[in-house]
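Note that the chains take the letters A, B, C and D in the order they are written out, and that residue 1 is the start of every chain.
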Amino acid sequence: MSVDMRTYLAHVELINPITTAAGCASSGKELAQFFDLNRIGALATHSITMAPRAGRPTPRVAETPSGMLNAIGLQGPGIEAFLERDLPWLSQRSVRTIVSIAGGTVNEYGTLARRLADAPGVTAVEVNLACPNIEDRGRVFARDGAASAEVISSVRALMRYDVPVVAKLSPDVADIVAIARACVDGGADALSMINTPLGMSIDTETLRPSLAAVTGGLSGPAVRPLAVRCVWQVHAALPGVPIIGVGGVLTGRDAFELVLAGACAVGVGTALFHDPYACLRVLRELEELLQARGFQRLADAVGLAHRPPGSVSRHRTDPAPGQGASNMEESPL
Amino acid sequence: METPVTPVQVTGTVLTTRRVEAYHALTVVAPGIAERFRPGHFVAVAVGGPQTSMLTRRAFSVHDVKPDYGGTVEFVFTVRGPGTSWLAGRRARDTLDLVGPLGRPFPLPRDPVSCLLVGGEYGSATLFGLADALQQRDCRVDFLLGGASEDRVFGALRARRMGVTTTLTTEDGSLGLRGTVTDALPGVITDTRADVVYACGPMDMLRGVTAVSVEFDIPVQVAVEEAMACGFGMCMTCVLPVIGDDGVTRMVRACVEGPVFRGERVRFDDVGTIPFDALGAPGAPGHSGARHVS
Amino acid sequence: MSVDMRTYLAHVELINPITTAAGCASSGKELAQFFDLNRIGALATHSITMAPRAGRPTPRVAETPSGMLNAIGLQGPGIEAFLERDLPWLSQRSVRTIVSIAGGTVNEYGTLARRLADAPGVTAVEVNLACPNIEDRGRVFARDGAASAEVISSVRALMRYDVPVVAKLSPDVADIVAIARACVDGGADALSMINTPLGMSIDTETLRPSLAAVTGGLSGPAVRPLAVRCVWQVHAALPGVPIIGVGGVLTGRDAFELVLAGACAVGVGTALFHDPYACLRVLRELEELLQARGFQRLADAVGLAHRPPGSVSRHRTDPAPGQGASNMEESPL
Amino acid sequence: METPVTPVQVTGTVLTTRRVEAYHALTVVAPGIAERFRPGHFVAVAVGGPQTSMLTRRAFSVHDVKPDYGGTVEFVFTVRGPGTSWLAGRRARDTLDLVGPLGRPFPLPRDPVSCLLVGGEYGSATLFGLADALQQRDCRVDFLLGGASEDRVFGALRARRMGVTTTLTTEDGSLGLRGTVTDALPGVITDTRADVVYACGPMDMLRGVTAVSVEFDIPVQVAVEEAMACGFGMCMTCVLPVIGDDGVTRMVRACVEGPVFRGERVRFDDVGTIPFDALGAPGAPGHSGARHVS
C-alpha cells in the first residue's frame, strides 16, 4: 500500500513534500531536462530581485568537507524578465512554483510582492531574508527579528491573500525561535529553514580566500545537523506553523530526519548539483522509509520525534489534525 | 550553434584504465552518453564513492566514444586535487557515476574548409572527436598542440596520424618548438591557410589564440574551462562575461551556454570579474540593492 | 631550513602553535600514551567545573557528515580533584597547560579562577562561555556580549596577572565580532574560536533524537568553514588580539587555513578521536607547508590572507611586529 | 585486573577477507598490535578511506592474532551501518588503519579453575583468545554460545573443538536449544560446575548472564559494548554506571576502564542514564550549575 504523501503549506496542498531549494534549480528549465517538474511537490525559484543582477565575480563556489560554499550573489534577470519569461514557462506547465524574492529594503520586498500579486502561477512566495538591509548598515534581515517581521508583514499585506508567504530563515543567529516567532507574528504563513550559514575557506596555494566574495554560504550535508536542530526548536515552540525543512538533504533518510523534527515539506538544494534526479530519488526513498515503518500518511510522521519515547505508534489510522498535521506535538496519542 | 541534447545520468562500469604520458585515461561503459555525444561535449563525474565528503562533480571533456558494449566514453585527466586523485585510483570493473553529455558542442562548418585545431595540455583531448567530424565533412584538419613539457602534450601521436600537419610546442623545449601554442600560431595559420581555428586549453592560451585569430580575421571557437559545481546549468558557478549578439555583455554559464564560445565574444581580460557594463552589474542603472549574504 | 614555529598567546610563548581543543584530550594522560605532550604548543584540558559532574546520559555522540555531535555534558572530577591530581601530573611533566573552565554563573567562573590563581602549571586559562547562565533563564553566555564580558572581567580580575585569559566563543550568534569585542573589552588577552554550534540528529530507526540530550555540539571538518569565517572576521576587526583557531582541523592544510585567516595558534579536537597522533601530524604538515612556501616563521603567515591580492611576499626576512605578529593586517608591506 | 598496554596506530595490509556465516572477517597485518594483544582487547578501525565523511573509528573485538607476517590481527563483524558496509567491501591487499590494542583485557584466574565462556552473536569472537589463555593455565573451558538464528551464532565449530562442552542456543531454534544463552545458563553452570563466567554480547544478555551468575554466587566478567567515538579514553562517549571498590557509582569509560568489568559492578538497569546517586549526578550535593550547551 502506498503512503499518502500529500502535505500542506498553510491551505495550499502539495502532492508531495519534496521541493527544490531556492537558487538550486535555476529557473526550472534545466531541471526539466531530467524529469517532469510536476512530479515534485513544488519548485522553488532562485531569489528574484527587482533589477537584473550579474551576481558576484568568480570563483563563486568552493567545495568543503561534505558541503560547499557559494557566493553566487543572486544572479538573475530581475522581476520583469521573470514575469515575462520564466514564470509563464512554469505556469504553462502547471508546475507548482514557490517564488523566492530578495530585496535590500523593506520597500523593495513589498514592491516585489506587489508585482507578483496578480501574476498567475504563484503557489507561494518565499521571502529570502538573508540579504543585507541597506537601510541598516547592511545588517542582514534574517539576523534581526524586528526587521524580518517588517519585511514579512509588508509582503503579506501586498501579496494576494490566498498565496502563502513563507519566511526563509538563517541559522547563524543566537535564537532561531525568536526570529521565527517574529516572522509568524508578522504574518508568515509558513517558515523555511535553513538558509546557508556564513562560512569561508582559504586557498592554501594562493594564500587568498577561495571565493572572490571572500565569505559564502555553507550548504550540503555538513549543515544538516544545524537544519534539524532549527526545525526541531521552531516546531517545538510553534507547532502549528508549517515548516519547509532545508539543509543537507541527500537521501530519503535525510528528508525523513527533517520530517521527524517537524518539517511538513523538504527542500533539496546542493544535492541537485550532484544528482539532477535527487528530488525524485529522495521522494521515492522517503516514501519507502515511511512505508517500511508502517506509516499510511506522511502527515503522521511530521514532528514525530518530539513525542516522549515509547509513545510512538507506528500504525496510526486515526485522522490527523486539519492543517497538515504539523501541530502533532500537541496531539495526545 | 548546435542545440543542446538532453543529458542523462549513468552508472557505468570502468572498462579500462591507462596512463597516457602525464595523464590518466578512463573508459567507461555509458551507452546513453555515447549515443548522444557530439564533439565538444563534456561529462560530470561523481567522485569519492559512498559516504564521501566530496559533493561536487568533476567535469571532463569526452576524449572518445566507441560503440563497444553498447557505447563507451573515454576521458583523460591530470591529477589536481582529491577528486582526480580518487579517479586515478579507479580500476577496471569499478563503477563510475557520470552525467552527460553536457554543454554545447563545437559548431561544424557547412563547407569543407581548412580547420586548425589548437590544444593545450589535456585540452587537446576534446579535439580528436572534432577532427573526426570535420574530416567526415571533408575539412582539412591541422593540429597545433602544446604543453609545459613533452609528457604534458596530449595526443601528439594521434594528431600526427590524423592531421595534414601537426605542430608541437613545449615551454621547456623538450618536444617540438620551444614556447607556447600562441607563439607558434601565426606561423601555423599562415602555413596551413586555416579558415577557422578551434581551441581548447587554459584560459590564458585561449585568450592568446583568440587574439591571434582575430588579427588574422578568421573565426575562432574556444572551449573554455571554468570551475563548475553542477555542469548542467543549475548552480550559476561557472559564469564568465560573454558579449551577446546584441552587443550586451552577460555573465553566462560555461556549462550550458558553453563551454564552446566564439573566441572574440569572450571577454578574457575580465574573466573573474563582473565588468561594469555587464547586464546587471553592480552600480549599473536599475541595479537592485538586494545582496544575498552568501 | 626549518621554520620558526614559535607563537605567542599574549606574552606567553608557545614552542609551536598546535594545541589540543578543550574537552578532546581528556586529562592529558590518555594522549600521553601516544607521544610526549611537551612536543605540542599546549594541552587544553576539558572544561573544569566546581563540583564533580557525571555529565549527560548516553548516547552522547552521533556521527554526522564530516562531523559529529556531542553532548558529553562536561563530565569531570571538579576543580578540587583537578588541582590535586590532574594538574600536578601535567605540571610535573612541564606540559604547557591551558586550563578550560566552565560555570553556571559569573560568580562560579570567578571562583574557579581564584582557585586556579595560585596553582602552579597554568599556562593560560580558557573560559568556556558555551554554558547556560542559570541567572538569566539559561541563556548561553557566549550568545550574549554583555554576559560574556562580565564573566571574562571577573576571571581576569581574579586570575594571576601573568596568566593570559582566553575567551572561547561560539559561532551561533548573529555577530561574532561584537561578542569578541565585548570579551576583549572585558579583559580577554586572547580569543579561542570556535566552540561547537548547536546541532541535532534524529535516528530514523527509533524515530527519536540520536542523542540522549536531544541537541549537541557539532564539531569536525563540517564546521571548519564556520571557524575560518569567524577567525577571519574577528582578526579583521581586532588584528592585535591573538586567536586560537579551532574547528575541523584534520591536517596541516586545515591549520594553515586558520593561520592565514588570522589564528596564531590552532586547536585540534575531533581529529584526535580519529588519529591520536593528529597534533604531531598537523604540526609537521603545517611546518612542511610553510617551508614549501618559503616562510621562515609561522608568525609571517598569521592573517596573511587578509592582504590585498598580489601584495603577498612569500620570502619575508624583515622582523615581524612584537606580539606574535597577529596584527600583521595593519603592517604595511 | 590487568594493567593496560600502550596502544599503537598501524596502517596494515589486509591479508585475507572471508565470510563466516552471517559475519565478515578481516585479517590485517599489524605486528605492533598483535605483539601487545591480550584476550579481551579491541581495535578501533578507521573507515571510508581518504576524503570520507565518516570521522569516528569503529570498535571491534580482536578475534585472533597470528604470528604470520610479523603479526596479524583478525576481527569479525556484522554489517550494521555505512562504516561496516565499507569494511565489508575491503579486499586483500587494501590497507586499513587500526589503533590497538585497546581496553582492559580479561583478568585470568591464578588457579586452574573451571571457566564458562558465554557469547552472544559476534560477541563470541573475543572468547577464543581467552579460551586459549585459560587452557594454557590448565583451566577447564566450556562454551555457551547463542544468537538469533543459526547463521548468527559465531564460532560454534571452534568452540566444539576447544571446549570440554559446548552448548548452543538460537532464538528461532534453528541450532541447539531454542532460547537465549541466559535461559540455558543455569543448566550449563550446574553441568560444567563453572567456577567463573566470562561473557561478551549485547547488554541485555550481559545483564541476564550477570544475574544468573550472581544467583549461583560465582564471579562473572563481562565485556560490554557501548557506542564509542575514539576508543582510547579521550572523548567520554562510552560511559556507563559502574560501582567502584568504594561502593560509589561512577560514569566510567568502557574503552579504557572496560570493556571488561566485573558483572555485578555494572548497573545494567541504569545504562543510558545518570543514576541519581552517581558521583557528580545532577542534583547530587555540590553538583555544579555549569552545563555545556552541547
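The criterion applied here is as follows: a residue touches a chain if its C-beta (ideal position, glycine included) is under 8 Å from a C-beta of that chain, and two chains touch if they have at least 3 such contacts.
All of these numbers come straight from a predicted model, not from anything done at the bench.
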Response to the item:
Hop count on the shortest chain-contact route linking chain B and chain D comes to 1
Practice prompt. Return the chain pair with more inter-chain C-beta contacts, choosing between A-D and C-D.
Written response: C-D
Worksheet entry | Centre distance in Å when chain B and chain C are each reduced to the mean of their C-alpha atoms | 45
Worksheet item: For chain C and chain D, what's the span in angstrom between their mean Cα positions?
Response: 35
Item to complete: Compute the distance, rounded to whole Å, between the mean C-alpha positions of chain A and chain C.
Response: 34
Item to complete: Would you please write down the residue numbers of chain D that are in contact with two or more other chains?
Response: 53-54
Worksheet item: Do you know which chain A residues sit against two or more other chains?
Response: 65-67, 69, 140, 198, 215, 218, 220-221
Item to complete: Sort the chain contact graph into one of these: line, ring, star, complete or other.
Response: complete
Discussion item. Could you list, by residue number, the parts of chain C that touch chain D in their complex?
Written reply: 23-26, 30-31, 33-34, 46-47, 49-61, 63, 65-78, 102-105, 108, 128, 130-132, 134, 140, 142, 170, 196, 198, 212-213, 215-218, 220-221, 270, 272-277
Worksheet item: Where on chain D is chain B touching in the complex?
Response: 48-54, 82, 85-86
Worksheet item: Tell me, which parts of chain D touch chain C in their complex?
Response: 6-7, 9, 46, 53-57, 99, 226-227, 229-230, 232-240, 250-251, 256, 271-274, 278-282, 284, 286-294
Worksheet entry | chain D residues within the chain A interface of the complex | 53
Fill in: Touching residues (chain side chain A, partner chain D) in the complex
65-66, 221
